[in-house]
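The structure under discussion appears below in the form of structure tokens.
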Amino acid sequence: MSIAFFMLAAVAVLGGVLAITLRNVIHAVFSVLLFFSAIAGLFLLLIAEFIAAVQILVYIGSVGILMLFAIMLTTKVMGDPTRTVRSRGWVWGGVAVAALLFGVLIPLITRAGNTAESSLSNFDPSVKELGLALMDPYFASVGVIALLLTAGLVGAVVAASSASETTDS
Amino acid sequence: MITAITFIPVLAALAILLLPGAGRVSKPIALVGSLISSLLAIYVVIGFNLEEGLQFVEKYEWIPSIGVDYYVGIDGLNALLILLVAILSPIIVLASWKIKDKANTYFSLLLIQFTALYGAFTALNFFHWFIFWEAALVPAFFLIKLYGGNGRHKAAISFFIFTVLGSVAMLLGMLFLYLKTGSFDFIELRQLAADGVVSSKLGDWYGWIFLAVMLGLWVKVPLFPLHSWQAPAYAEAPVPVSMVLTGVMSKMGVYGFLRLVVPIFPEGIREHSDILLNVALITIIWGAFLALRQTDIKKVLAYSSLNHVAYCMFAIFAVGAANGIDKINAPAIAMQGAMLQMFAHGVGAAGLFYIAGKLEDVGGSRDIQDFGGLGAIMPRYAFVFGFLVFSSLGLPFLAGFAAEILIFSGAFALTPIHTAIALLALLATAIFLLTIIQRIFTGQAHDTHGDLKEISIREVMVISPLLVLTVCIGVYPTTWLNLSNRFIETLSTLLAG
Amino acid sequence: MELTLNHFLILSAILFSIGLVGALTRRHIIIMLICLEIMLNAANLNLIAFWHFSPNPELMHGPLFTLFTIAIAATEAALGLALVLAIFRHYQTIDLEQIQGLKE
Amino acid sequence: MNLFDFSDSVGWLMWIPICPLIAGVVLALLKPSGKVSAMVAIAALTVSLGFSLKAFAGTWGHEAHTLTHNFTWIQIAGVNLEFGVVLNSLTGSMLAMVSFIGLLIFIYSASYMSQDERMGRFFCYLSIFMVGMLGLVVANSVLMLFMFWEIVGLASYLLIGFWFHKPSAAAAAKKAFITTRIGDLGFLIGLLWAFKATGTFLFFDGGVGILESSTIAALASNTNVLWGLNGAGVIAVFLFIGAVGKSGQLPLHVWLPDAMEGPTPVSALIHAATMVAAGVFLVARAFPLFLADTAALEIVIWIGGLTALFAALIAIAQYDIKRILAYSTVSQLGLMMVGLGAGGLAIQDGGVSIGMFHLLTHAFFKALLFLGAGSIIHGCGDEQDIRLMGGVFSKMKISSLAYLAGTIALCAFPFTSGYFSKDQILLSAWEANKTVFWISAFASLLTAFYMTRQCCYVFLGKYRGEGHVHESPPLMTVPLVILAVFALLLGYVSEHFYHVLDYLSGVHVHQHNSTVVIISWIIALGGISLGLLVYARAKMGIDDVDPVKRLMTTPYGWLENRLYADELYQLTAFKLWGALAKAISAIEGLIYIMVVVATAIVSMIGQFFSGTIDKKLIDQVSFDGTCKRIYESSQINAFIQNGFLQGYLRIVTAGAVVIGILFLLLAR
């Protein structure tokens, strides 16, 4: 159990670090896919199989592919290496702020003392429970999400196409 | 069989897109694909047994855990509409013959559209019915967006936004209904509604679910005030797509009402029949009067379409206002009128859009004020145009009249005052259609018309099936009405209570 | 060593910070979007972990919430990438340093 | 029952409209040359005439006898919408008249239109017209009658606009179609009402048809259904609205004079003899419904009487030979309505024959007058203004004599056909309603006066136009002579006709009142003498002032302008209609703007960032101005917001850090 956790954690961190450091955008996307799969593994570890499946389908299956498409459509030469922001000062400034946040988070987490063990041993969460919950108490939320997806879809179409209108005319 | 009819067009579309070298022969492939489907569909409808209910059923389990089956069949309600798709689809392909730009994409989209239409009309399970319903929307969106006129972007987007929002509302409503009743099956739901299960299970939600389900159809028909997408979409779409939109897509909304709302929510319609009747009436008047002030010929036809399809809804809602069955069985007459109106308007309006499109082809403008005196230059064109116009304004022995007289005969017995007001729209229709004829065909020919060419015999042949049908429907409507007679009798009894 | 909630929370904090660093420093707009996804995933991990260790997991709140987050994230990604396309068409670049339209 | 099963006793009646239909279809599809077209159409109509005469002969002597043949058109849920044909004396005589006059006019047209390159098309339209007219006459179903009624309207539209290169002709065609359609809406409501109330469309159906006594009694027992009318009267009044439109009664008369833009044979056939009489025929057909409610009959006589007077007045001040005849037609149609209504009031069932007989005689002499006018117009080189004619008599003897025969018949000169028919109308009116009687009598006096005026203009004096006046070819004059004979002599069989036309009772109640006879003599002779007195020696050139105008300048000016009916409609109905359309368009625009705003909001999500704000969208919601103001007020903020995205993000992160620290401090 713990071995699996540490291995997956290592892979996730590795994927994340690579994703933000690699210069080649395509490579960065592939490493973030690695990160996503590691997270999916962690979900499995936490007995959330369905969420793991969704994670793989949505993130690796579609978001990743979408990103690859976006890169191919925007960058004139594939894998065009790019630099980081303006100057070293900016970079270090960013890292510093992030580190500061991290520094605040860690004491917050540890001080809460969450050392309780899992109570999932007497409960086997299945997709059925999830589905039931989704359809009864959370029905309205599903509706809202559906609307949001629609709006997002429309928005995406509009955003992606509006520019072509100006190039047409 | 029905599965074959449904999917042959999409197979043809795949062939165009995937087979190497098929791109160059996309038109013949599209024609053959749609024609095979059409012939099969006509064969099926001819084999339809008038004495029995649901026929040609195909039912396979699909997702058993949530009660989704692949369930198709033909009954009195959809037989006529399948026939309509079958008749129009090859004509629409032929009407697109002159497309040059991106023809492969165009014809693939068109074929996908046909599949979706066949699918939507034959499906008996909400699940894949909805898939086809939405699938019909997507090719239409792209066809408008890619091949339309100057205002196509805005038209396509408002078309898309309106219909998608409507569909979402309907989907939510149906999902809720599914959760309460546990069925996606139209036939089963209808039985549940008849047993009072639907209303008891929905309880206080009944009104909201009724509204939600209706909303999607409301947009599609369309009825006031959700009709704004229609005129720009019809006007900006390329002509064959306008033919699809007005000929078939607008019927999907009415069909949806008869398939979903009337059997499942008859109490809802009965309870709100006065509001609904007024809405239909306003739509009728609205379309007719808006058309009066238009000079863009396709917009005129679009508004006229709004007006004509609203007659169907008017008939249905009038039945909702009925108190039982009287001696002339007015509910059945009105509803049969609505059925015939769908068919007649599908045929006639598709023809009108085709012929109006020719005007743009030869004259380069859609504005009727740019024309004049064409009657002398293009007598053949004038004849076809006049023929369709008179069918549209309800000349007896042509299609429009037969349907409208049934609607009015039924509706007048049910709600005389509403019907009498609706008759005003007949007058307005006559005025704007005759004004078009007067502008375009009479008077002295403009100097700029010297090089206008008469439409060819080939083009007349393309549309001639529609003309012949118009006469057939008008002279002896019984042939077509028989298809739906039994079904409508029970349906109208159900709704009239 | 038995796994506790803290393990997951700390891991999630690390991943979030990695994402944040990327978001703050890289100037390629797609990479920025990737970093946003990393941060969201870290948050999701948090949610699932809390649920896993919660006293009454049968309510399924964690996975439900995560599901919604993922849906929103997917929308956001689609919309974001569409915007990237639009920006690219307009500016012919996706270099954030050169896109400062918000200033005007 | 099969649609084409004519083996039944009177099923063959369907052939009467079908023959011209075949001709029409053949002409439309094959497009033969002009001569051939004329021959095909004439041949088909001859066959129809044969059948019509058979029908006429069959009804002669079998008055109150009605034969029907019904068949189902549509069957829905056990309810039949039926069509049918009916043979009784009303059908028989009307059929004989329509197809006989139709045939004469076809022959005349073959010569009149021979110079027109679209002659084939002309005969095609004429055939369509005959289909409608004959179908309308034989129909035993109010629905079928309405359908043929509309076909007649279509044919009228096509024929009025036959010379569509003239904008005035095209406009007149449209006006005719739309004005009659207003009436048709009333008709439609009437037939829907009948269907609702009786459950059938059939007139006669073995005791359960609309016009049969048991049904009428049931309908009439429903008192005060609408506007104080009973169940039958309501249907009757709505049907009458249809008749008002078709027969050019007040207030829907405006289309008929304009309809004279069509070729002259069309005016003769459609707008004088047959189609415009269809309204009168409809009232006659549905007469039992009218009889069931005296209020309905009162409406009929008042509308009829006022129309007769109104149109006769206007006719005095017209100069276009066809327009004078057109107003005369309107006026005579009004008299027919008076005849029907007053007859119904005075002698019940027998009333129908009084209006109908005038319809028949009028058809002959008015067709004669129009054809004669056509011949004269033709002879004078297509000139229609009577001020530019004169002295025609000596140059065109046959046409002129025929024309004069028609004129005296129209003036009800004693012992011509018009005298007999008009006499009966005035007699009934005397019995029914004295006011209407005097109105009708005055209209008749005016009729005699304006016809004399017209004849003086045309025939007397010297030729005032240009060109050479010549007689028309025999193909045109022969029909004139035949019609003239009928116009003069038809009255001598009036007694028989009254018997035949009394299809409801079978017995004609003979009315006699010497006062009325004397009055009608005075009217006819007085009108003619007055006309001669005023016009025989007057100067009638185009620059001369009409003698009556010299007497009463202002009222005559009103009459010349047709009492401003068109202008009145222009100012009221048209304005209202236009305003309605405008209002609806405005609301639609508002809805559209709301849609645009909604779309704009969605679009802006994308477009705000990409910086390509759709100018049009934004202009429509006047967004630009707002944006500018926001922009100006935000200049201060712009200092912090340097537009560098990650700068913002850093500030956000810093904020999160602050919140975290706060938590740490507070949780302590």
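So that you can tell them apart, the chains are marked A, B, C and D in the order they are listed, and the count of residues begins at 1 in each.
As a convention for this text, a contact is a pair of C-beta atoms (placed from the backbone, for glycine too) under 8 Å apart; a residue touches a chain by one contact, two chains touch by 3 or more.
What you see is a predicted model; the values in this text were computed from it and never measured.
Participant: Centre to centre, using CA atoms, which chain is the farthest one from chain A?
Facilitator: Chain centre farthest from chain A's centre: D.
Participant: What chain lies closest to the overall centre, CA atoms only?
Facilitator: Answer by centroid distance: B.
Participant: Using mean CA coordinates as chain centres, what's the gap between chain B and chain D in Å?
Facilitator: Measuring from centre to centre gives 35 Å for this pair.
Participant: With chain centres defined as C-alpha means, what is the inter-centre distance between chain B and chain C in Å?
Facilitator: About 46 Å, centre to centre.
Participant: Using mean CA coordinates as chain centres, what's the gap between chain A and chain C in Å?
Facilitator: So the centroids are 5 Å from each other.
Participant: Which parts of chain A, given as residue numbers and ranges, touch two or more other chains?
Facilitator: 85, 90, 93-94, 97-98, 101, 105, 153-160, 162-163, 165-166, in rising order.
Participant: Can you list the chain C residues in contact with two or more other chains?
Facilitator: 20, 24-25, 27, 79, 82-83, 86, 89-90, 96-97, in rising order.
Participant: Enumerate the residues of chain D that touch no fewer than two other chains.
Facilitator: 602-603, 605-607, 609-610, 612, 646, 650, 653
Participant: Every touching chain pair, please?
Facilitator: A-B, A-C, A-D, B-D, C-D
Participant: In their shared complex, at which residues does chain D touch chain B?
Facilitator: Within the complex, chain D touches chain B at residues 3, 72-79, 81, 143, 146-148, 150-151, 154, 157, 161, 164-167, 169-171, 174, 177-178, 181-182, 185, 188-189, 192-193, 195-196, 199, 580-582, 584-585, 588, 591-592, 595, 598-599, 602-603, 617.
Participant: State the interface residues of chain D toward chain C in the complex, per the touch definition above.
Facilitator: 605-607, 609-612, 638, 641-646, 649-650, 653
Participant: What residues of chain A sit close enough to touch chain C in their complex?
Facilitator: 1-2, 5, 9, 12-13, 16-17, 19-20, 25, 28-29, 32, 35-36, 39, 42-43, 46-48, 50-51, 54-55, 58-59, 62-63, 66-67, 69-71, 73-75, 82-86, 90-91, 93-95, 97-99, 101-102, 105-106, 109-110, 114-120, 123, 125, 129-130, 133-134, 138, 141, 145, 148-149, 152-153, 155-157, 159-160, 162-164, 166-167
Participant: Which positions of chain C touch chain D when the two form their complex?
Facilitator: Answer in residue numbers: 20, 23-25, 27, 32, 79, 82-83, 86-87, 89-90, 96-97, 99-104.
Participant: Quick check on the complex: what are the chain D residues that touch chain A?
Facilitator: It is residues 602-603, 605-607, 609-610, 612, 614, 646, 650, 653-654, 656-657, 660-661, 663-664, 667 of chain D that touch chain A.
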